[in-house]
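Multiple structures are listed underneath, in structure tokens.
Shared between the two complexes below is chain A, which pairs with chain B and chain C, respectively.
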Partner chain A sequence: MMRRVAPCLACIGLLLVWQLASLALNNDSFPTALEAIRAIPAVLGDKDSLVNFGASLRRMTIGFSVALAVSIPLGLLMGRSRAVASFFNPLLMVIYPVPKAALMPIIMLWLGVGDLSKTLVIFLGVSLPVIYHSFEGAKAVEEKMLWSGAAMGLSAIQRLVRIVLPAALPEILTGCRTGLVLALITMITSEMIARQSGAGNILFNALDMGQYDTVFAMIIIVGAMGIGLDALFERLRARLVRWAEPQFDIPLSFS
Partner chain B sequence: MQPAAVHKPATAMIQIDHVSQMFQTSARQDHLALSDISLSVANGAFVSILGPSGCGKSTLLYIVGGFVQPTKGIARMKGEAIRGPGPDRGPVFQEFALFPWKTVLGNVMYGPRQQGVKHAEAEAQSRALLEMVGLKGFENFYPKELSGGMKQRVALARTLAYHPEVLLMDEPFGALDAHTRTRLQNDLLNIWERDRKTVLFVTHSVEEAVFLSDKVVMMTPSPGRIRQIVDIDLPRPRRRAELLLDPRYQKYVVEIERMFDDSGELQP
Partner chain C sequence: MNARTIISDLLLGLIPIVLLVAVWQALVSFGYAPVTLLPPPGHVFQRMVALLLNTTYQRDIAATLFRLFAGFAIAVILGVSVGLAAAVNPTINAAVRPIVRVLAPLPKVALYPALLLLVGFGHESKILLVTFDALFPILLSTYYGASTVEQKLIWSAMAAGTPPREVLFKVVLPAAAPSILTGCRIGLVISCIVVFLAEMITSTDGLGHVLVTAARTFQAVDMFVPLITISLLGLILNGLLELLRSYLLRGFPEV
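And then the complex of A and B:
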């Protein structure tokens, strides 16, 4: 019982602190929690902002999906082949510490401010954790499991697809979960830099115009989207890897 | 001591000729794991490779399995050089190595399905095999839900399912408690006595080797060499309760232990 109620209590507590802090500071640019919540229906009821949300989600879905399609095979190959790993490792090490949004201005110069640039940034943001976890997962696959498959007559490629992939799946999905949150973050930041459409666009336009209740309403909406997507993903993950040992259980989730 | 077998008649199922295996240690030093092993295993024989840990006995099994290429020498299966793994040689590992995302039934069906056996037929065969290894009723369990002994039964059924001509058993009962271990030894003998597949069985237990085998290949510690091959001339079918009281069995065990002792080498 307590486990179910605890997350709700935490949310209510956070809003309460916000309300009190806002009242105490009495600053125009810091609306109270109630004011922010009251602004949510206006944002969600507006046709323009729904179009913006749709555009954001579309880019996020494409960026996330393409990143998985590229990163999982690459990570698995790196985990099973030393040559592939030593080729890609330095490249990834260079990209790793760079904030992906910091690449946005350069990418915009090449590809413009449209969907392609933003989707590419999301792709980059999602790729690294997925590659890393796929790599770790593939590396940890028991050699004897692959030998058992080889004795049954599985070729090297069949072993990669039919043994390494499922055996590494719990670890891969851990990477995908991190990737999903990063997709949301890079989505918003890319729209902050290349303002044209999207949820980030609404947020920062409202900021420019001093509509602080809208700004905070957007923060709540984006936060709720993050929690919702994560919970959804966690459901899917639990279903896919119910066979796995419990060390892969991730209790930190709202699912 | 038997002379090193060079070319035995065509009845030999497995023929190992002057095989040596070199490893590079993490300190980049060459380590000789196996030195000049020659061994011939007859069709239908149960042969144990017995030696202390680190004598390369598992490596020898992996070479026959085709999982490891020998540095020198050659291993043959029915006269053909072994170049890689194949369904004619079925491994059973100490670590079980089951596919955790597959159910018990799914694990056992995996090999036959890979060999192109129709789903319904593979399922029927696999269910029969699971009944034979005493796992009827556990078909839809996942490996994580099984005990070590049950996992090893699944692993044995999974390997038997694709009808290998040779079973390669790598300390299969080494990770199990004593009670489970003896039960599995008995069950393995019962199963083996039905169809008499060729078995190469790696172990460090003298009792286990004598109880199960027709021949015990004693190895020296590193580098692994064949010290002696002992023929176990005990009647079959063997029953544990009778055998433990049999002075011939006791004599084999004591003699083999004494040979390891006398050499001043590490005991198996």
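And then the complex of A and C:
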């Protein structure tokens, strides 16, 4: 019971702190929490912005699912074969500290400002943590299980799908959770750089035009999306890997 | 693992990086990509060396590094102290936990417009954004490190007459050090990425600003240089942290 209520209380507490702070500062560019919440229906009711949100979510879903489809097999292979691991590790290490959304201006030059470049950036942002966690998960699979599988006549691919994948699943899902938060972050940033459509577009255009109510309403909406998606994913995770206790019940968010 | 396998692993790892540069060069020299969109690698590295010797560019790097370290330092101090306090004291834990639960999956970039409006366009808003983003991985790993300290260690220290306050610094903090340092490493890479993004959004100096200026004037060469620089900086800082880690953890078994 308490576990359910506590996050809601925290939300209310944070909004309350915001309200008091803005009342105390009394600054034109810092609307109170109530004003920002009142601006949400106006933002969500607008047909244009709904189209924008739809476009954002579509890109995020495509980028996220393609990233999962590529990274999980790659990570598992890296975890099981030392040659594959030492082949890809240095490359991934070099790419790791590159801000993925900062590739946007360059990718825009090649692929234009449309969906393709934004989806590609989301894909790049999501794949690294997922590869890393699948790698770690596959590495920790107990050798004895693989030996028994081999002794019972499973081929290498069957072993990968039927032993390594389920055994590494809790770790993989941890990576997916980090990736989900990251997909949202990259989505917003890429749309901020290529202001053509999407939620990031609304947010930063409102900032440039000085519509501060809309800015803060968008912050609430995007934040709620992050928290909501995370909670949904946690539900899914709990169903898929009922046997494993979550190592971290809060995602370590990457950027 | 002997020296020979390490060398062959290194060689294997170099292949994809070399391949990448070779494909890049081939794309340009066989005319698949115009030089204005994809400058040849040699050209980019020449430009990079020229810029690294340039005082304006050095000043940009210094600005970026200053923001990175300021934000990261605040995040480490806050994260470690709050994480320790939450692990030791149940009351603080009950208050911190739900707040972290709500704030951790929030896409922090969306907060940047609010920070801009509140604290202005100078260093402060960027440093704060870096702090927000790096804080949670450090806080969480400190918390998990400190709450999994073996109870026997604490009991023995208390039996030997260590006052409870000193147990925290003499037993809990060192025992949690490996976990804290892992959190710091994640936080450091995040700081690199976030400081760059923040500078891309609004700034008058720093590496992100160099990239944006180059993008607006279609100087493809100058767009690659800051990206490579930030990635190198990330690798160097990561290496330094690794050195610090092996120095601090010299008594620990291999982790």
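Throughout what follows, the second predicted complex is superposed on the first by the 243 of 255 C-alpha atoms of A that agree within 3 Å, B and C clash if a C-alpha of one lies under 4 Å from a C-alpha of the other, contacts with A are read in each partner's own complex, and residues count from 1 in each chain.
In this section, contacts are C-beta pairs under 8 Å (C-beta built on N, C-alpha and C of every residue); 3 or more make two chains touch, one makes a residue touch a chain.
Not measured: the values here are computed from a predicted model.
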Please determine, from the superposition on chain A, whether chain B and chain C clash or fit.
fit
Taking the superposition as given, does A:I185 touch the first partner, chain B, the second, chain C, both, or neither?
second
Between chain B and chain C, as viewed from the CA centre of chain A after superposition, lies an angle in degrees, nearest 10, of 90
Per-residue contact with chain A, leading partner among chain C and chain B
C
For A:D230, is the partner it touches chain B (first), chain C (second), both, or none of the two (neither)?
second
One more residue to check, A:L154. First (chain B), second (chain C), both or neither?
first
Could you say whether A:I40 touches chain B, chain C, both of them, or neither, answering first, second, both or neither?
neither
Look at A:L169 in the shared chain and tell me whether it touches chain B only, chain C only, both, or neither; answer first, second, both or neither.
first
Where does A:L15 make contact in the superposed view: on chain B (first), on chain C (second), on both, or on neither?
neither
After superposition on the shared chain, which partner residues are touched by A:V113: those of chain B (first), chain C (second), both, or neither?
neither
Chain B to chain C: minimum CA distance in the overlay, Å?
5
Contact set on chain B toward chain A in their complex
62, 65-67, 84-87, 89-91, 93, 95, 97-102, 110-111, 114-115, 142-144, 158-159, 162, 164
List of chain A residues in touch with chain B within their complex:
142, 144-145, 147-148, 150-154, 163, 166-167, 169, 241-245
For the complex, give me every residue of chain A touching chain C.
6-7, 9-11, 13-14, 27, 29-30, 82-83, 86-91, 93-103, 105-106, 108-110, 181, 184-185, 188-189, 192-193, 203-204, 207, 212, 215-216, 218-219, 222-223, 226-227, 229-230, 248-255
Contact residues on chain C for chain A in the complex?
9-10, 12-17, 20, 33, 37-38, 94, 97-111, 113-114, 116-118, 133, 136-137, 140-141, 144, 183, 186, 189-190, 192-194, 196-197, 200-201, 208, 211-212, 214-215, 218, 220, 223-224, 227, 230-231, 233-235, 238
